[in-house]
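Think of it as A, B, C and D in the order they're written, each chain with its own count starting at 1.
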Amino acid sequence: MSEAFLAILKRDLALAARAGGGGELALVFFLTLVVLVPFALGPDLNLLSRIGPAILWLGALLATLIGLDRLFQGDEEDGSLDLIRASALPLELAVLAKGLAHWLTTGLPLALAAPLLGLLVALPAEAMLPVAGTLLVGTPALSFIGATGAALTAGLKRGGLILPILVAPLTVPVLIFGVSASNSALGGTVPFLTPFLILCALSLATLVIGTIAAAAALRQAD
Amino acid sequence: MASLIELANPTRFMRLSSRLLPWFVGAAALLLAVGFYLAFFVAPADYQQGETIRIMFVHVPAAWLALMFYSMMAVSALGTLVWRHPLADVAQKAAAPIGACFALICLITGALWGKPMWGTYWVWDARLTSVLVLFLIYLGIMALWRTLDDPSRAGRAVAILTLVGFVNVPIIKFSVDWWNTLHQPASVFRAGGPTIHPAMLWPLLILAVGFTLLALALHLVAMRAEIMRRRVRTLTIFEAERLDRLAAEVAI
Amino acid sequence: MSAFGPHAGYILTAYASVVMILGGLILMTWRDHRAQRLALDALEQRGAGRRSGKALS
Amino acid sequence: MAASDAREDALALTQISYPPLTLSAEDLACRRGGRLVFENLDFTLGSGEAIALTGRNGAGKSSLIAMICGRLRPAAGRLRVTGIGDAPLMEQIHLVGHRDGLKTALTARENLDFVQALLGEPGLPADEALAAIGLPHVAALPVGYLSAGQRRRVALARLLVSRRPLWLLDEPASALDTASQRMLVGLMQSHLDAGGAILAATHGPLGLEAAREMRIGP
């Protein structure tokens, strides 16, 4: 059983690294978003540093959503999804493996790159760790909520377009607690730990709900 | 133009480039050595910025090379689309990572130069921001190369993207300048203008030529590698089919 | 060697980053060139290049 | 030659027989998108037997296969399986559908190793399975480089890397040349000899003497 789980995980990681795998696209999209915002708001560093965490969190959220529609669509199109269904491994665990692979190639790099991109929005040094910490803990929730959306839209032709629309409202709690936890480092009444722990709870909850919902959605698609 | 066509033949290019390569590398090494010696030990410190002016000796050449390589890619893109020059998209593909690296060097050295001067690593200065946007364009082009694996089709697609980007670079430069001056009073960062001290101009020019030769040498090596990669790819497919036919004959 | 003044750290980091990035680029380009060279020699040894296409064994 | 010895290994390995299994359908009907595809279909498929499913396109061949895989609920009638205890039917099935189920960015060996780890019950190692279908030299080649016929054969090679009693094949011989079709018949024959069962949707004859034809639709 665990052999099959690891097989899916390793295969997805290898695919993301291969040419055309799109593993690093989320990072480039994240950089692009963080560069675009100051063009809209102006180069005033004081303004940018106040909303730095918000820009970084929005960038990470959108960068995660952008690559999600390919999570199951690729396997659906070339028939490997039928293979995964024929495995003794329960579909929920298969979805868990794919979600984990997606997080490792998308969420984790975003969280690690966030402090560096914080320089572009004059993020103060003491805010860098909170932003990276909240992203590290929050992006799994984004990946697994997104996995449900990806499973629902796997069979559709233009699934890629409606996925963000389906999933974005569900990610609102993650966004709220992620940004408020990061902002606590910029001063303000909210302590860091309260929203951070809620964010951890959200991630753990979506890990379970998202996996089960996505597996159910894949069983419907025929 | 005739020589350009002759160069088209990959094997001739491979022979020519292997002869040229040692000269490029030798000259680049010499110039860089002399340039760095002058930059560090001979050039005086700037009266206003002190020693940090020495970062200029890598920052400015890197900016030039980022732009120069993008222009080379634009010319190669024309070569692919208009003159159908077979080596054009090889040159184009080989140039992208090198240009991107120099843009990255320009950004990093710019940030490290900015910290002692303005107290923060990144200021949305007009020129630095333009290089940042250019860096994003480079990343886009390299991403497109990675997603399209069939060389001939990919070459034309990337050529179009490069040319579209090339047309936009001046527009971006203008709009960033406008955006920057609109919001911020005249930027403090004025060094590097033509009026710099001659004792600094010489090391800068020597280093610039040195870096350019190094970049061109790298470009040649990258092109050779790309030509061989394509040859390996076609030979592997050909080999697989040949063995397949052989196995089929044996089976009958 | 003239002291690099109060901001020596930034100057050295700047040059260190140049050496790292350019060094990395040179290393990767050279290793790629060598890898393709070896693959090509291996293929041509096995007669893939020649049109004759002799039987393998 | 390497390929023929590997074929002996392939045949030798699959001699280890499968436990007896019977798949039976009673008065089966299929409705897709409101359209009645076929109805009151009865058949039984036991160990060592093969059914060649024929019928014109759209007659429901693929629908029946999807139904057996549990991907499609029958509109009427029942599918019963005996001899596999409480293990779900899906884990007894090898499905080779129209799509090859291969990742073009990965090499042939990586694809087959993935299938072996995913489906369990390991049979031949990837390289021997590739040799058995006459492609020993493509193991390290990305599948994207292969021709349609070669890809189809790599897809069929997964029948050998993990051992499952019931083979569901949807036009297995599509894109195969005569030599490869002969190789496919050999593989199917050795599967039947080992007590496996085959249900294959085909246009032409299956090439197996033991196969009985079952026509669907007009």
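Here is the rule we use: contacts are C-beta pairs under 8 Å (C-beta built on N, C-alpha and C of every residue); 3 or more make two chains touch, one makes a residue touch a chain.
A quick note: this is a predicted structure, and the numbers were derived from the prediction, not measured.
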- Query: Which one of the chains is closest to the middle, using the mean of its C-alpha atoms?
  - Reply: A
- Note on the structure: Of B-D and A-D, the pair with more C-beta contacts is A-D
- Provide the C-alpha centroid distance between chain B and chain D, rounded to the nearest whole angstrom. 52
- Return the distance between the CA-based centres of chain A and chain D, expressed in whole Å. 38
- Note on the structure: Taking each chain's mean CA coordinate, chain A and chain C are separated, in whole Å, by 34
- Query: When the C-alpha atoms of chain B and chain C are each averaged to a single point, how far apart are the two points in Å?
  - Reply: 16
- Specify, in ascending order, the residues of chain B that touch 2 or more different other chains. 149, 236, 239, 243
- Numbers and ranges of chain D residues touching at least 2 other chains: 1
- Query: For chain A, which residues are shared contacts with two or more other chains?
  - Reply: 19-20
- Query: Contact residues on chain B for chain A in the complex?
  - Reply: 111, 120-124, 129, 132-133, 136, 139-140, 143, 146-149, 179-180, 182-184
- Query: Where on chain A is chain D touching in the complex?
  - Reply: 3-4, 6-8, 11, 14-15, 18-21, 77-80, 82-89, 222
- Which of the residues in chain A come into contact with chain B in the complex? 19-20, 22, 24-25, 28, 31-32, 35, 38-39, 42-45, 119-120, 122
- Taking the complex as given, what residues does chain B use to touch chain C? 40-41, 45, 50-52, 54-55, 58-59, 62, 97-98, 101, 104-105, 108-109, 112-113, 115-116, 214, 218, 221-222, 224-225, 228-229, 231-232, 235-236, 238-239, 242-243, 246
- Task: Could you pull out which chain B residues touch chain D in their complex?
- Result: 149, 233, 236-237, 239-241, 243-244, 247-248, 250-252
